[in-house]
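You will see two complexes here that share subunit A, one where it goes with subunit B and one where it goes with subunit C.
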Partner chain A sequence: MVERRAPNLRGLVIHGLILFACLVCVFPLLRIFSVSLRPGDRIISTDLALIPAGASFAAYGKVLKQTNFLLWLWNSLVITVTTSIIGVSLASTAAYAFSRFRFPGSKLGLALLLGTQMIPAGMLILPLFLMIMRLHLTNTYLGMVIAYSVSSLPFSIWILKGYYDTIPRSLEEAALVDGTDHFGAFLRIVLPLSMPALSIAFLFNFTQAWNEYLVARVILTNSLMYTWPLGLFGLQGQYLTQWGMFSASALLVTIPVLGVFLYSSKWLISGLTLGGVKG
Partner chain B sequence: MLGSLLQVLYFVALGTLSVAVLEGYLYLHFRFWDKRWLLPIGLLAAVAAGCSAAALVPLGRASLIVSAIATEACLCFVIQYLLRGRFTLPYLLLAPAVIGLLLLIVYPLAFEVSLAFHDLKLNTVMHWSRTGELPFVGVKQFARVFTTSPLSEVTFWQLLLRTLWWTVINVVLHVTGGFALALLLNEVKILRGVYRTLLVIPWAMPQVVAVLALRGEFQAEFGAFNIMLSRLDRWLPWVAKLGIGPVQWLGRHPFLTCTLINVWLGIPFMMVVILGGLQSISRNYYDAAAIDGASAFQQFRMITLPLIKPVLVPAVTLGAVWTFNNINVIYLVTGQAGGSEGADILVSALYKSAFTYYRYSYSAAFAIVIFAILFIVSMAWLKFSKSTESVYG
Partner chain C sequence: MASVTLHGIGKSFGDTEVLSQVDLEVADREFLVFVGPSGCGKSTLLRIIAGLEEASGGDVLIGGQRVNDRSPRDREIAMVFQDYALYPHMTVEENMSFGLRLRGLPQGEIRARVSQAAGILQIMPLLKRTPRQLSGGQRQRVAIGRAIVRKPKVFLFDEPLSNLDAKLREEMRVEIAKLHQKLRTTVIYVTHDQIEAMTLANRIAILNKGRLQQVGAPEEVFGQPANTFVAGFIGSPTMNFVDGAIEANGTGAIFRAKTLCLNIPGDAAAHGASVILGIRPDHVWVSALEEGQAAQGIVADVEVVELLGSKKNLHLLIGDTRLLASVDASIPVRAGDSVSVRLKTGAIRLFDKASGNRL
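After this line comes the complex of A and B, so read on.
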């Protein structure tokens, strides 16, 4: 094999290439970090240093005090938590029906669920917006919850169905023998055993709604109701970008999201590739 | 703080209550499906429910009552004659999700189709939201999609070509980049976990943050890319002579900027999928091939590619649909007032024509045309990938 000829050089080149790719991947984060540390009088400069001269955390204080950043985060949190709870509870029972029962329409239903992934997102925004406008729910939490609640449902159902399929039926059969009905077996045995998959589905719903911009921009016009992506977009205006505040708030939002994603990515990815592997 | 918590609880309680009511309603039908009185009593209840809902909602009263009665009649028919009391539990389990999807995906789509045959725009939207009346215009909106620009200048056909080009170039770069990184990562023994974590950061970051941050870096004067380019020119004058230097990224080359950002965003997903596929290929094939004297390239062509195909084809299909439907990147980069139209693809033009230009019916017709294109292209692709599958056996 090739490795025998020049193992050291080859390994070095590989590590070098990967390190370069890593740098490219982390680059915007590093830049945001460095801009957020710049002192107020030197926000706009052609400096590329990671830690700028006269670094300070003043921009963070300014974001928290001078903008509605915390309010935006809070709005996002309320909307996101609600939609995730609703989404996961709808998906958990539906996935159980698909996993354990053969009934007229079960195959068609699963195929249609996949089909919904084909619908362009932009196609649904317009009728949803008009419906919500007509119900006078623009600029309300309820309107946002309605708009978001089923958007991740098909994917959640697929993940949960895949997980339920791995739970042996004999557990439920034992419970049936012991005198509970099928729904009781689902509630007392399958659901507690599926906590890992349920939390992954919850996280998926959560990140989808948390990072959503396009629907929120249409439904929320009052800046007191903004979710954080809208607020952030506002900070990066066309002519007057508040670079320091923009970078500070961007970093504050990104770090928890990154943490959650990296923590859960192993399961999320296995959920994503599930369909492909099972073919 | 407490108020918002209460709000979450309130919404969840509202959701649970409506699910419980729906389930109870369905459960009664399943329980008494063989009773003669079910249909008349049910219809009476539907009339009552329709009337009380109509009293609450100011618009479309008659249609509410009619749809309540129709739902009840359909339900009774299905349960009495088709299901006859079987499959109670699965249908009860499915009901909440199905009703949610019907109300928030199927109904909006139907509404969009009907909208495309009417005329709803900025001038008529107030009248519509008060009275619910809309002028019917037939297929005029569909004709306008092809004849007038969805935005202010760029035409439908330009957008279509640009979308196809955008999808192809992005998917090709995603797959090539992802493949290269996955092959490199697969060779590495140490630090693989650390590299992998760093390399998925573009995927893991909130897209809004990533795109807005990169957009800032493409800014002409103080963005990092132009700073680097001008420093490069200063250090190596011959590079400057080749014409490489600071570029008006957002003003002159919006499409290139969006493509670069989207490639950066999309490579990690492909890398992770391909890496998973590579790791599932047994080492033995490569050892056997090496004994037979196959070169590294031959090994890649004859072993890696065919064996990775079952993983790659769904990922490419998914990636192509995502790229085709990607509004986020283009809108966030060019969506501000005065932003360029030079990067718009079909879906981002759809979003702008609906929510920047307020042409609602026009956008509905446009959306249906886009969906038809996507549908035809994906069917062709599925056929194609099936046929290549048979070549590989």
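After this line comes the complex of A and C, so read on.
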């Protein structure tokens, strides 16, 4: 018979703190949800009810019908997904080279990549804009993808290089003897084992590009090319801010990110390489 | 099946030379063991044969073909790694069939080969498991199975048993010996364990500091060691060494050390030479001294007695000369006793003091 353990004080305190932290995180979301349901005349009410009196989804309808919201969302999706795929592809191969091969400048290269992370993002906006402009890529998906990919690449390379370093080389050597080449060993052995780190790199690239505002503000001037942060900003007027539509949009744009997070979470497991070699 | 030939193999990492002028011929179907202390270059040599490491100089020939410029996959070898190196994200079956799938073999043949190897190694029930669900011994069997299914010309084993416990190591040693008898394939095996080398090998190649010291059958390297390094490395407990000189004694010769003087076989051709006398502990005969009885042979004091079951090791002191004797456990000797010691003259080996080579 399993003996039931008496609740201990330490456990209760820890669980209490976790619950409190969860509430703190969820509260703003609930408030945004509540505001998005409010009728226009009660937008700045201080009422704390989650479902306000006269609640409706009218703001969601307005966002979808009266603005270019779906176009902004599409632009964001194209730029973000392309950026993430290109970013992870480049980072995964570059990190493998840094992890496995000794070549002149490998240490300097890694240090320089780290160095780019020390530069404040604001300082990069002007040089980025000038480069994109000279390439005639303003107001294009490609311009945005290049700008976002290069800025998140160093971090992704460092994450992946660190992970590759933990994968025993003997696994690749076994694959080489078994009949593959270096690239085959990378594709068939190293990449599948690096799914947790690849997921983190993908999520990092995705969230960076999805939420980015400043670079998009500079590179995109055509409203038809706007990403959702730029579009949303347009709802904020000089005299009147459409808080209901603003909140509804803010909630709608979390859906893709939530989907990507949920899907990636199955790869975010540790210990994928357990058992392969003698620990 | 194929022979392996090494011609003047050298390897340096920067200024550090790890292998120097290694020449060796491994015959078809032979079981050759590289043995030596850690850092002697034996694993590097194996990796050069596998193509995982590039030699700084010399040629590697497999089946008479120079393979220096061939990648590991084109050398028709299979390798079992020290740390198993099983692919963690694949099942046992997928691990074993990985190389066959890469070579595009038909599904039916892949299944047949995997089943056959799994049957030989008794791992049929494990085929659907992943490496993390296996014990150390099972993982090692799978690693061997992955090599077997390929039907390579040469098997390379890099210290495959060093991560197993003593009992399992003994079992797997027998398994590997049986496997070689069954498959009759050329095997090159690396170990630092001289018992593994002695029990498995047709021939042993002893390496030290990147140089081949001796290549020969186990009995040969044990009985006729080429130098003091081989004599000291092969055999457990290790051989006794006593510094001294050869002096003429009529038509024969005498070995004279500080506190030891022995008639030794052979002529006095090398008289006056500084030598090292080597004698294995098994060949140091000890008998208890009866009270009032005159000592036969040399009298020694017993410093320490180590009981090892059916045998015991006696650490003896003759003046300031130390000797180790491995004797039957039934001999009634205790620490502090004085004993009579005789050396089996036919088993004495003499080495040149300057070069360490056997005379």
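What we mean here is this: the second predicted complex is superposed on the first by the 215 of 279 C-alpha atoms of A that agree within 3 Å, B and C clash if a C-alpha of one lies under 4 Å from a C-alpha of the other, contacts with A are read in each partner's own complex, and residues count from 1 in each chain.
Criterion: a residue touches a chain if its C-beta (ideal position, glycine included) is under 8 Å from a C-beta of that chain, and two chains touch if they have at least 3 such contacts.
Every value quoted in this text rests on a predicted model; they were computed, and no experiment measured them.
With both complexes placed on chain A, subunit A has more residues touched by B than by the other of subunit B and subunit C. In the superposition on chain A, A:17 makes contact with subunit B only, while subunit C stays out of contact range.
With both structures placed on the common chain, the touch criterion links A:120 to subunit B but leaves subunit C unconnected. Legend: residue contacts after superposition of the two complexes on their common chain; A:168 is shown touching subunit C, with no touch to subunit B. Shared-chain residue A:233: touches subunit B; no touch with subunit C. Comparing the two interfaces of subunit A, the one with subunit B and the one with subunit C have residues 272-273, 275-277 in common.
Subunit A makes touch with subunit C in their complex at residues 168, 170-171, 173-181, 184, 189, 192-193, 271-278. Within the complex formed with subunit A, the residues of subunit C that make contact are 50-52, 71-73, 77-79, 81-89, 98-99, 102-103, 130-134, 136, 139, 146, 150, 163.
Subunit B meets subunit A in the complex at residues 1, 4, 7-8, 11-12, 15-16, 19, 59, 82-83, 87, 89-91, 93-94, 96-98, 100-101, 104-105, 108-109, 111-112, 115, 120, 129, 132, 181, 184-185, 187-188, 191, 195, 197-210, 212-217, 221-222, 224, 227-228, 264, 268, 272-273, 276, 290, 296, 310-311, 314-315, 321, 324-325, 327-328, 331-332, 336-338, 347-348, 350-351, 354-355, 360, 363-364, 367, 370-371, 374-375, 378. Subunit A makes touch with subunit B in their complex at residues 1-2, 14-15, 17-18, 21-22, 24-29, 31-32, 44-46, 48, 74, 77-78, 81-82, 85-86, 89-91, 93-94, 96-98, 100-101, 103-104, 106, 109, 116-131, 133-134, 141-142, 145-147, 149-150, 153-154, 157, 182-183, 186, 210-211, 213-214, 217-218, 229, 232-233, 236-238, 241, 243, 246-247, 250, 253-254, 257-258, 261-262, 265, 269, 272-273, 275-277, 279.
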